[in-house]
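Chains here go by letter, A, B, C and D, matching the order in which they are written, and residues are numbered from 1 within each.
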């Protein structure tokens, strides 16, 4: 483990920690709403990580100003575009998960998946 | 001798409304907003009690740690493994990050000829001043085409789950929670009246200037969607349904997506078959420039605005 | 450029376009559009396959005015074209076979939404097959996930919604890992296009730079896709999702959705990373271990299961284990066996689902094991079809399953370290397969008078005979599936050669 | 500037942890909303104004509103739940 470089890349390290927090929330939380928040944290952490790829210290956003078109002037535009796509994907997935939650609650009056599973076994549907 | 007003005419005058308002007998905005019975949907107390008792029994069964040894061991092992998995995942990622190129440096593999061409020739080749917009709507348009369909399909799944087609059923009563909310909130309505037009104008500006500055179809569409949600909250479904229903949403998004798909198929087809595209790029910086990007931005904006509003409306009411 | 070369692009756009189109149509018209779109795409894929086989080499199709590293592109080889054709055939047959159930089980007003899901699922599968760009693959993986979720929960009872929730949670974990892996790879190579990444990865591998992040990225992508395609420890959602969703959904999900991810994984191994680098890493050993575990545990769960559709669903877990075991062998022969198994499993599993529904129709709608007694006599075609499917799953000669097991065994002999465990696992898994499938077949052909009836939920006089005329669509689908299975089993040589060719084009 | 980034990143981690630890669902969603807002400031610092606008409108705006509606639907904001629990304790 290259500690000096890890400290240089502290932004990316934070993104990875956030990813871990989100991932474990999605995996381990009992409450569905918390799971969905975990999913959102995980996604944003990935986007942060991706956007950091394009960042170059001291350069401007890639919007051409005064006809300056040198590669020296702007940051890398590719990650921004990819993240833009990703954000939209994550909001649609969130809406879908929330509507699943509402349906489950309307039927079983609980947010705990394990409880629902046990109830299903009892119903023997 | 003053002209005598008939009772009906008198009721229409401002002074009568003011008097009524001062008396507190009538709300001057009463005719212009949604009126619905304000009773709350309430379940029978016995039903609630039965349910909570059953829940208690069930919880005892689920978390019955004394008798259900198999379950307990399984859950404990599952949790331990998951925690180990998560921790080792984070450690692995941190180790990987510690070996990555430094953040913010220029000398890294990412800054290669691809990014160089986007920056140096992007303005000439796509006509978009905002290079990111030019990239996602022209160079890598296939991704974005897929992405707007992600939004569309998410709306469809939400419709499947939450749209209730049987009116007056118990589910419908429970789903439509607008019926038991305080109505005609004058503060909310005034604020909405002041705020909604600027929000719409800002959203349209962000969409139309997507190729000239920061913004574009996604952000502008989301802003307009938020404006619609605010309007809905202030004035109720009866008002919004005059101009926006599910049918209109479907037709609108169909038109926008079809337009998008057609425009992009044209450019994919001509590009792959080496046919010169006839769409002019225009002067960079002008509003009518950059070829198809403006049209695509509008299409995406329409889809996103409709989708955001539809999510909200279906969540609130189970169809609109 | 020949006009045929446009067909892959046109088929993707056509299926994407038919989704929004179905939303403004009524259920009936949407169904017609759906059948028409699938058939047209099937014909176009066949034309593309003939073209690629004729020219003998793959070609690149630029999506837009900009060449490869700047714009998007799709790449068409013979394996891709064949997969597209095959997926269309299976999807069409599944839709035909499940028509009656679909119309009975889905609310009238939501019928057209179902066809939107199917159309977009098809488009995402086609895009996953053809794409040459990792980020495009990610976007279409998401479309695939969401539409599969829609397919599961369209029949709305508690079970399916719970299964859909579990499916979404697992899939989203998988997508997160996949996207993170793509980010790592993008950081190391600076490209998103598969062929450019491979060049850069080769340079990195030769110089030894960034070795750890490269391996981490490979691991993240493989584990992400493995989670999404329900490899053994991540299969909790699968039995409910397959067992309780409507019939055509179950057939499509089991045969196509997870296969799309597996195909993407194959592309990542061969076209993005390079298979020799994958072989040197430890990742394939992990896949091998989980694959073997899945082969055995899936079958064990299937034996314990009493519900026939859940039993078939658990058998899917075992079969996906086979496929990952093939990757884990680390030889090209193993991957060829895996691809053949993808094809044969897709054909057989959808056959089994359709046949099982025919059998349950003849057992008063019950899926319980004891209620199936003698159902083979009451619905003759479904009984025969189920027998064919079972024999194919067990690996009886003449049917497709036999060839794939043969290929697995040959591949295992070719690998030095993993020969013994593979052969043992194959043997155990085959025996277990035989236990539950042959048990069911025997139950189907046991006359009612020989068994005590107290275990059955229905009285004997409630059972009735189902003839082919009563279920014309299902019968057509079943006959086509049986013929497909026999064709795969009897004339496998050209197909295997095609797979070899296609893999050669990949690298 | 670097200090500012550090503080914001620290905030992100604190928000993420407290979301997972908070007992009240409404609280965790409010914290998540602030998480999104901080994220959109970070996008500005990373010179991606497009992302900042989108994140502010989508992440902090629409997503949070959807979360609130869901909470209302599952009766986590209203008194219903307490009532239920109160009755079950009787």
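Following the convention adopted for this analysis, contacts are C-beta pairs under 8 Å (C-beta built on N, C-alpha and C of every residue); 3 or more make two chains touch, one makes a residue touch a chain.
The structure presented is a predicted model; accordingly, all values stated were derived computationally and were not measured.
The chains in contact with chain C and with chain D alike are A, B.
Looking at B-D alongside A-D, one finds more C-beta pairs in contact between the chains of A-D.
Chain B and chain D have CA centres that are 17 Å apart. The distance from the centre of chain A to the centre of chain D, with each centre set as the mean of the Cα atoms, comes to 13 Å. Distance between chain A and chain C, defined via averaged C-alpha coordinates, is recorded as 28 Å. Remark: chain B and chain C have CA centroids separated by 33 Å (rounded to whole angstrom). Across the assembly, chain D contributes residues 48-50, 54, 58, 62, 66, 70, 73 that each touch 2 or more other chains. Multi-chain contact residues of chain A (touching two or more other chains) are listed as 11, 17, 19, 22-24, 27, 52-55, 61, 63, 78-80, 82, 84-85, 87-89, 92-93, 95-96, 98, 100-103, 106. For chain B, the set of residues touching two or more other chains reads 51, 55, 93, 95, 97, 99-100, 110-111, 114, 118, 130, 132, 140, 143, 147, 150, 153-154, 157, 161, 214, 216, 218, 311, 315.
Applying the touch definition to every pair of chains gives A-B, A-C, A-D, B-C, B-D.
Against chain A, in their complex, chain B makes its touches with residues 51, 55, 58-59, 61-62, 79, 82-83, 85-87, 89-90, 93-95, 97-100, 102-106, 110-111, 114-116, 118-120, 122-123, 129-132, 135-136, 140, 143-144, 147, 150-151, 153-155, 157-158, 161-162, 171, 174-175, 213-214, 216, 218, 284, 304, 307, 311, 314-315. Partner chain D is touched in their complex by these residues of chain B: 45, 48-49, 51-53, 55-56, 130, 132-133, 177, 206, 214-216, 218-219, 222-223, 225-226, 229, 308, 311-312, 315-316.
Across the complex, chain D meets chain B through its residues 48-50, 52-54, 57-58, 61-62, 65-66, 69-70, 72-73, 83-85, 87-88. Those residues of chain C lying in contact with chain B across their complex are 1, 5-6, 9-10, 13, 16-17, 19-21, 23-24, 61-66, 69-72, 107, 109-110, 113, 116-117, 120, 123-124, 127, 133, 135-136, 139-140, 142-143, 146-147, 149-150, 153-154, 156, 161, 180, 184, 186-191, 200, 210, 212-213, 216-217, 219.
The residues of chain A lying in touch with chain C in their complex are 19, 22-23, 26-27, 32, 35, 39, 42-43, 46, 49-50, 53, 78-79, 82, 85-86, 89, 92-93, 96-97, 100-101, 103-104, 107-108, 113, 116-117, 120, 123, 125.
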